[in-house]
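The two complexes that follow have subunit A in common; it is paired with subunit B in the first and with subunit C in the second.
The block that comes next holds the complex of A and B.
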């Protein structure tokens, strides 16, 4: 067991930052807290780090209760959003800081720090000061400074928000590789769904101080549970629907068959734009629509249809503005959204 | 646009002349060989030599230095502690506002009021305990009381600049309070602390009002000495002394500018 947080609550005066959040992260797992700004994800991370104390609830790391223990005695280390380098110390001294704090002999600490700098490919930068490094290098020093202590859990608070888009993709892959090589538990906070999908095993989508959905990245991406999660993961097309059979719904675009049970009489469904297909024959046509706008995106093209839906196909298909399309909606493309906003994690299910 | 910028540059030069011409003339007259007033009698360093042999002036200079160094040392420590305590403890907003007023009050209070208040406080203490004659000790206490605010304000500026992150990072890296303070906070605050100390030092060096009220019979400082001599007539010796003090002040200010927070980052 890596981390278990039970019913964590946190208020700042009148504002509710976290409301009764449960969280379980397995050992050796890359877990991401994903959500819009102000959803409480950073607060939760800071409570795990001990930089903030929860008003209520418990924090258990590897079976030991750390709820009341301050940050400097917790077996976790953090990569801060701002990197929080010590500007008056060299790179090597920065990386050694945690080791020296724990009274590890100096020679041993330096050896460990050098090895960690090697791991993040920063060997040779030991004697630089942080202000002589680029943003990407500073970020790697911050990572090395935390990893050198071999924490039970590594916490990353929006670690890539200060990097440019190209570098960010590269760092995401590197981060994932480092995590798998070390087989450590990583918990990352981000508002970037692409980043969350790239690096994590499992994730929790948060909103308004609560968790809207837990699950593996594939589960959450393919089957967003409710409107909030679907919206945040940009499924784009939302339709009101009515249940007409056990696995059949009626929308303003016609009757569709689904492959899952429908928990309501009247509700909402969503379909990702790339799941809609152009029907070859009239028998496969689920609805007809005229193309209002064609947007060329390089590796794919998008159509805005006259019924308001958004559709994506490969660029090889020649589709002109004003053309009428027959659209096929595959059974498994339709995602039925639950009405509840938030989900509680079943802590017993996690190994 | 162009005319406006020429006008304003002429204006600012004029203001600088207005500010510095009197001081420059004091420096020039300190090298005047003639003893009386405004007549130029040739270049001479006679007055500087006389200065070095005047025991009263040397005493006053020594007192000034002891007072400035001691009071700066004490006020820097207390002021830094005050700033850290004020801006790192999670005070409520209302308490913070009140503390802020208290911190700024000594800066804006007229010296004369501060001085009179100190005299009253000292005499109450003397009346109650029979100790604490006016002299060097009371002057140091007097100077420290007004210096603390200046030091604390300088350190506060630096504290706000460096933010909380770095301290949190140190905590996260297993550092206890003492290690955070000595290895992270103080080194990072150093430019602010030095700037505050320099400011306190210059303030103490040229303070007249508070020294005048709290001095004892044997603890005359340079400003007090100059005041007393000017009453008997301005001599070139005073010009020489003023020039030296001016130079010392300029040096400290220049050093302070170099160390001031924000200068490096």
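The block that comes next holds the complex of A and C.
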């Protein structure tokens, strides 16, 4: 196990930042903590780094308990959101910093630093000062500075938030490639679901100081467990439903069959807009709706329907505003949301 | 932009656009000179003239009754270097050296005390911070002589300090803790501490803590965190503090006079003596000149270091 966190709690005065968080990150995987701002994801990362101490709970890294050990004696390194370069040191000196702190001979440290700068494609920038670099270059120096120490876990605190959209996509892919080449455990914090999906093997969606759901990226994306996760991952279409058969529900748009069991009598379901299909025959039609608005998005098209649902088609179809569509809801498109304790409790206040 | 325009318009007859107005460059130059003339006038009358006359007087002769005789001589400089009526003595040079040491040690003590103080202040919640700052500043607003008298009282033989020291065996019972070198340093540090602590506090308040965290994250011990994360960020405040302390500390005479006694003389006391009791203005001027050169040298040394550090 790369990292195990048991029942981690953290309060800031009256505010609960983390409440009983359990987490297990496998060795060599890219794990992402995803959540809206203020959900406690950065606090959790800082507790793993040792920059903050948990009020309760344990942090175990590769089988060794590090709960009470300060940051400068933990085998983890952080890429900070602001990169936190030492402005008076050159790129090479920045990357050497951790190695020199650990009294590794200078020649060896420089060699290692150069190799790491090569890895992030920054060879030739050794003698620059941080203020002579672009944002993207600085971000790569921050990455190299952390990686040069060969940490057991690399922590990344919103590493791409300061980059522009185009560069961000490129850096995401590069980061994923570096992680796979080094076969190291990476834990990243982000609020960008696209970023999380692009880079990670598994992710945890956090909210209100708790983990709302965790699992493989696909699992969480395809089967969000509760309303909070579904909402954060933008499934868009939510409907109240009633159970009418073992795998059949009734909504205001008609009766639908599902491919999973329904744990409640009355509850909520969600359908992603891209999963709704236009039915070719009346027999496959699950509901009829008029198109209120057509939105052209380049590689796909969105329809806002008169019943409030949002629908997406990959191909751009000649559908006009006001046209009536027959919509097919595939069995596996409907996601049954569990009404967890998570969404009912107000966890923010310390009792 | 404006400067460029002026340079391009080399001929006096060209008319250029300046702040939305068509004018000849010569007129702009005349205007600029008019605007800075009060400043230049103040510098000339308040700084340049006194300096020139100080320089001149330093090479004049003292008359029998303390008047300045216009007889050029190097006698004052020779005397300053120790060549007196009775052969060479190191007294004056010793006083100079002692002044440099006192200024240096005072500055160093102030720096050492200022860092913890600045972090303490910055860590106070906003509500009580103002109160703490006021506590630091009250002595700063109090007259120097009154403050120094207060130290005389504190160090008096009947006061707790002297009694505790006597009880610990560090002082003779019944004596006061002044005049002494220790008392001089206490007095000097108490005068100059705010000058160092406040600029450093300002820098600490704006500190980018993520750099401190990065240093800790990269296995630094406490010294390395200070050296690479805190010192570079507080360096501007620190150099302001050093300048504000070292320069006046070199010329300080009230504190060493009252707390150091007659035998613990610094260059400030010596100068004061020449213009006061001794009525030897030329020698006083020569001493002042040396002090000014020393201070200027120290300033240039620190600013040169700063520039080198930045490159």
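The definition used in the following text is that the second predicted complex is superposed on the first by the 338 of 351 C-alpha atoms of A that agree within 3 Å, B and C clash if a C-alpha of one lies under 4 Å from a C-alpha of the other, contacts with A are read in each partner's own complex, and residues count from 1 in each chain.
Rule of thumb we're sticking to: contacts are C-beta pairs under 8 Å (C-beta built on N, C-alpha and C of every residue); 3 or more make two chains touch, one makes a residue touch a chain.
Since the model is a prediction, treat every value here as computed from it, not as a measurement.
Partners subunit B and subunit C clash in the overlay (superposition on subunit A). By the touch criterion defined above, A:101 lies against subunit B and subunit C together after alignment on the C-alpha atoms of chain A.
Using the contact criterion defined above for the overlaid structures, shared-chain residue A:37 touches neither subunit B nor subunit C, since it reaches no partner. When the two complexes are overlaid on their common chain A, residue A:15 makes contact with neither subunit B nor subunit C.
By the touch criterion defined above, A:51 lies against subunit B and subunit C together after alignment on the C-alpha atoms of chain A. Of the two partner chains placed by the overlay, neither subunit B nor subunit C lies in contact with A:283. In the superposed pair of complexes, A:86 makes contact with subunit B and with subunit C alike. Overlap of the subunit B and subunit C contact sets on subunit A: residues 49-51, 70-73, 76-78, 80, 82, 84-88, 97-98, 101-102, 145-146, 149.
Residues 163, 165-166, 168-176, 179, 183-184, 187-188 of subunit B are the ones touching subunit A in the complex. On subunit A, the positions that touch subunit C within their shared complex are 49-51, 70-73, 76-78, 80-82, 84-89, 97-98, 101-102, 145-146, 149.
Listed in rising order, the residues of subunit A touching subunit B in the complex are 49-51, 70-73, 76-78, 80, 82, 84-88, 97-98, 101-102, 145-146, 149. On the side of subunit C, the complex with subunit A involves touching residues 208, 210-211, 213-221, 224, 228-229, 232, 309.
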